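Presented below is the structure to which this report refers.
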Amino acid sequence: MRIKVITPLTSEAFEKETREEVVKFASSGTEIHTERIEYGAESIESAYDEALCAPGTIRLAEKAQSEGYDGIVISCMGDPALDAVREKVDIPVVGPARATMLFAADLAHTFSVVTILQNVIVLIEDLAKKLGLIEKMVSVRSVDIPVLELTDKGRLINSLVDESILAIEKDKAHSIVLGCTGMMGIADALKDSLLKKGYNVPVLDPVPIAIRYLEALISLRLSQSKMTYMPVTIKERNIWKRLD
Amino acid sequence: MRIKVITPLTSEAFEKETREEVVKFASSGTEIHTERIEYGAESIESAYDEALCAPGTIRLAEKAQSEGYDGIVISCMGDPALDAVREKVDIPVVGPARATMLFAADLAHTFSVVTILQNVIVLIEDLAKKLGLIEKMVSVRSVDIPVLELTDKGRLINSLVDESILAIEKDKAHSIVLGCTGMMGIADALKDSLLKKGYNVPVLDPVPIAIRYLEALISLRLSQSKMTYMPVTIKERNIWKRLD
Amino acid sequence: MRIKVITPLTSEAFEKETREEVVKFASSGTEIHTERIEYGAESIESAYDEALCAPGTIRLAEKAQSEGYDGIVISCMGDPALDAVREKVDIPVVGPARATMLFAADLAHTFSVVTILQNVIVLIEDLAKKLGLIEKMVSVRSVDIPVLELTDKGRLINSLVDESILAIEKDKAHSIVLGCTGMMGIADALKDSLLKKGYNVPVLDPVPIAIRYLEALISLRLSQSKMTYMPVTIKERNIWKRLD
Amino acid sequence: MRIKVITPLTSEAFEKETREEVVKFASSGTEIHTERIEYGAESIESAYDEALCAPGTIRLAEKAQSEGYDGIVISCMGDPALDAVREKVDIPVVGPARATMLFAADLAHTFSVVTILQNVIVLIEDLAKKLGLIEKMVSVRSVDIPVLELTDKGRLINSLVDESILAIEKDKAHSIVLGCTGMMGIADALKDSLLKKGYNVPVLDPVPIAIRYLEALISLRLSQSKMTYMPVTIKERNIWKRLD
Amino acid sequence: MRIKVITPLTSEAFEKETREEVVKFASSGTEIHTERIEYGAESIESAYDEALCAPGTIRLAEKAQSEGYDGIVISCMGDPALDAVREKVDIPVVGPARATMLFAADLAHTFSVVTILQNVIVLIEDLAKKLGLIEKMVSVRSVDIPVLELTDKGRLINSLVDESILAIEKDKAHSIVLGCTGMMGIADALKDSLLKKGYNVPVLDPVPIAIRYLEALISLRLSQSKMTYMPVTIKERNIWKRLD
Amino acid sequence: MRIKVITPLTSEAFEKETREEVVKFASSGTEIHTERIEYGAESIESAYDEALCAPGTIRLAEKAQSEGYDGIVISCMGDPALDAVREKVDIPVVGPARATMLFAADLAHTFSVVTILQNVIVLIEDLAKKLGLIEKMVSVRSVDIPVLELTDKGRLINSLVDESILAIEKDKAHSIVLGCTGMMGIADALKDSLLKKGYNVPVLDPVPIAIRYLEALISLRLSQSKMTYMPVTIKERNIWKRLD
């Protein structure tokens, strides 16, 4: 099976890191390609950024379907443009936030998301409301590090440990969801640090989960409901004249 | 006070009708201007359309603020780009869906939205979940008429009466929200028809409500919380190179 | 348009302060009169007080309608007798608690109410449950100052700042609702104090909001649903023999 | 133990029927007295009626406590003045609506209330929201018979059977709550009629349940929480000058 | 009336204490017998223990019904095997957790459960979700004492006071539910200690409440709904060959 | 990887069918073995059956872990003994009901479960409440065919089509969940029949989903949270003396 992982932002470095990471998670027999959008914003840290990255993400998704990919992951914890893309294509499209929250809801009584910045807390809470899981999400906490500074893994892991412990002790979280797809390759270290301090909880890493979940959908021939994500009507949409 | 009503779609006819309508609702002393986006989609009937109309809507909102307008209404029941615009500007920005649902929640125990097409029912339900009012919204029904055919007012009013009665009788709605800003100038006729059939319920017309609500916000010097809609960071967003 | 603001308690000083305050908020073209009830309790700080002030409030509302007023505000954050009054009259009746919570729900992801005494916290939480907004109301806090001592504005503002900061920091409130209509003329000072400490959140003042919201309803010819607030049947109600 | 059953309305016939009925339900060893209010409304069929009957109900409750009663039942499914009375006295006070909904919530997955008139449906739904049981209450239906016509038991039982079957078949109710304390002495007949038609569901009769529940509270020395129903402060409440 | 109290675990000491305790609570005229299961676990501190104690509990319940008992209490705050037993017998079966939460929901705006071990917090929260009362249950706290060590009443009472004060101050609990049926004979001491420290809240003791509630059900001829707890079909269930 | 599928009931035919079915779904590289419990009930159609099948299921799960399996599926839509098993073992344990509801929640705005008998509707609704997804589950419908008669695939498919259409048309379901693991090998036929009638919705088959989801968990090294499913304490549990 062939999977397209769309990086819904324009940073080359971020896409490169994603590319190196995702190949580790795929099953043998799965071919994964990553691609980043051409126009949009350098990173996604607001509803404003999401809005600007949506057209490019839609175009890449249409392209992936026409090239015969079996499914798509939109690699960002805001699940940007997910509804629009699911309307536009028939192959299954996975948003890491939804997928990871669902895994967390099964594995634990409660979960907490630890994300990058205060700015995206509301976005993530709204995703959980829409998905119906707000009752199980006991908090969204942030490490206060912008996406493009996530490369300092030492600083990141320390902050993640601190916030995760607060999530467990104060908010009664029974599992931890990494709240940004840029927090790559760090879940095991976080899990181990927590375990050493006596906290035996699952740490859920969104990109690997999204890929494995998409593989499951593809092999089960499942896709998004066309009653929820109805096909779009044909009419003039002149924005493409400028963007294409 | 000066209000900008943004038509977040590219149809000239729709904007013209909006312009003729809105002047009727404003208080004396309020100056209202309408403006439609330059690039996007002809009408909004899907999450896909909303995504494509968002960049143009954002640009018009920024322009309105820089031109000294006191507040903005985004004239569409999907409240497209509302979060992004509220992040980007400081003047109050009103989405007709949110405003109208809130008025309905105050005036009645329950409300039903009667909208244009099946396609937007999920969008409207998700708005109510986000706003926290899903428990009071007993149904979203549709008349199955596309936006650009709403000009046939006779057909529209008949369908609205039928669906409103179903909403009242079957779904136990105590008030009716018009579910598309294109259903202009029709609320009184619907209210009268329902009254003749024995149903004395408020009929809530989104554009006039949005304008009066915005006037109230402006006169009270209230605007969206900057803790919810945090100011956006500065970074490269190359989509504007193509769009501006 | 002519608006009657009912002070649903018997304190002359409270009504006088209300009268001086409300004229500041009305639009030009709006005529506002205040009137206090003749029999009831001196202030409202319990369900018991609300029950005792209800008959007088109802009578004033009936009188206002018969005198041709276009709408009514019941000036107390417990919205006392609101349901009964809305059943009894046809002109729109606004409760400041409901109106202010709805404005807060639109402008921010979450809100906190800061009220006078512990005693009314449950009343306010129950109003939010009934209105459907309990999920967005993250807390109700109190400054522990009885209504009739609210005239010490210095003590009041200090306590309000302290509790508002706790609401923001601990309860994650994104906006602050003043929880008593006796906290008049203080919203701007509170907003400024919070801003100086780095908290840029809306501060919602219930009486001005109620008046502006009522003006909007009147101009839109909207009133409470008669399916929710059904007209009362005719029968013997001998309490009026004693009270009238 | 001595229990006071307050009839919170002024109809002598209603009180007489209550008196004859309640003696059947009490345990041996329980002394029950009924008393009706002196001033208020003849029956309770609206929030307006509830407001008018509240002062009289409060006075009777205070009298009952001073006369050494061990507990109070307010005999109406609107639980009128319950919060105020619970603030004012220390002995346990039971509202039949709350008590019966709680029994229903334990005995069945879902319940439906079948009440007298459309007019009180919203009141009953609001009680369930406040109590936290709205999710289990699948519907409130009405037989459309005013309180004072409930004496025609034949008409009542037929309508109750019809509405109960609709509640079970359409609303998926697993138990039936009688929605007016005036529906006395009829629960067994309704239960039998339903059983003959193949519906084996509990039928919950509010007055007997309220009495037995109050007996349990008294014997367990339990009463309402004084943190929820805080003692009222002392101040001028001039309404008593007219009413006492 | 005759009541069977089933101790759904195998500890002889626990049953003995239960037996001595329950006779104090029953009304005159009620005959109470206790009986413990023969095979299962020594105490219930996990879903695993509950599963192992279920078959024995079911058998004792069937026996009680065949011996003519009028009702059953399953004496454990996990309400183990309650659904199965309610399906299998027709006489009313009471689970102390459900009954006590319902009493607490009536008497107070909010309640907190103080239980034995961290291990059972999730079980108790899931019971509240199923019952529909999770919104009113503001917390479940634990004293961290295993069931079989509850005999040290001094240690128990001190821990209960500490956790109850945290429940009131931090979680805003307005009443306290004892979270283990092994915490017998201690409610009054806890209530007094809290009162001395200024907290006037109901303390709800599950076993006495369950017995009084069951007496009420029996005298009202109420039992669990057979639409919720449908009679079980006849078929091979070979586990009884080993257990009987 | 090696997966154990436990048939938590004693029917040999059911296990045989499961065995033949599950091999079709596993990925290459996954070794799947099925095993049925030795003592319990022939099929699971009530809480009573679930209770009787729990001990056997627990024992098989412990055995699977000791034999080095990487994960377990409990093949029944009641997820019987899931909590107990998750406490007792460390390898991931999947309940088909939870897993399938989560997939449905992601793929569609709403879902409906179509199950075998009325008797299990409450069980399934309670699972959804516990999982936090009750808002998205718009109905549970039944085809009224006992588990052991599910072998008549013609009758089954016709009933499933009828109930699924009612779920879509009346309950507004956007996806269909097969509500019994005995409905094997039928999802594709149901999906096709619905598509021919114009309903393009996902049909979710619990056993294949559970297997693929478990494979994902194993490959991601994720398992249930040990804060939710805490390890059980050591003590006497004499039931094993009879059962082992």
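So that you can tell them apart, the chains are marked A, B, C, D, E and F in the order they are listed, and the count of residues begins at 1 in each.
Everything that follows uses one rule, which is that a contact is a pair of C-beta atoms (placed from the backbone, for glycine too) under 8 Å apart; a residue touches a chain by one contact, two chains touch by 3 or more.
Keep in mind it's a predicted model, so treat the numbers as computed, not measured.
Residue numbering at the chain A/chain B interface overlaps substantially, since over half of the positions present are found in both copies. Bringing chain D onto chain F by least-squares fit of CA atoms involves turning it by 120°, to the nearest 5.
Separating the CA-averaged centres of chain D and chain E is a span of 28 Å. Centroids of chain B and chain E (each the mean of its C-alpha atoms) stand 52 Å apart.
Centroid to centroid, with C-alpha atoms defining each point, chain B and chain F lie 44 Å apart.
Of all residues in chain A, those that touch two or more other chains are 109, 122, 135, 228. Listed in rising order, the residues of chain F touching chain A in the complex are 25, 27-29, 92, 94, 98-99, 102-103, 105-110, 131-133, 135-136, 168, 174-175, 199-202, 204-205, 208-209, 212-213, 215-217, 219-220, 222-228. On chain C, the positions that touch chain D within their shared complex are 10, 39-43, 45-56, 58, 81, 83-84, 87-88, 118-119, 122-123, 126, 129-130, 146, 148, 228-230, 232-233, 235-239, 241-243.
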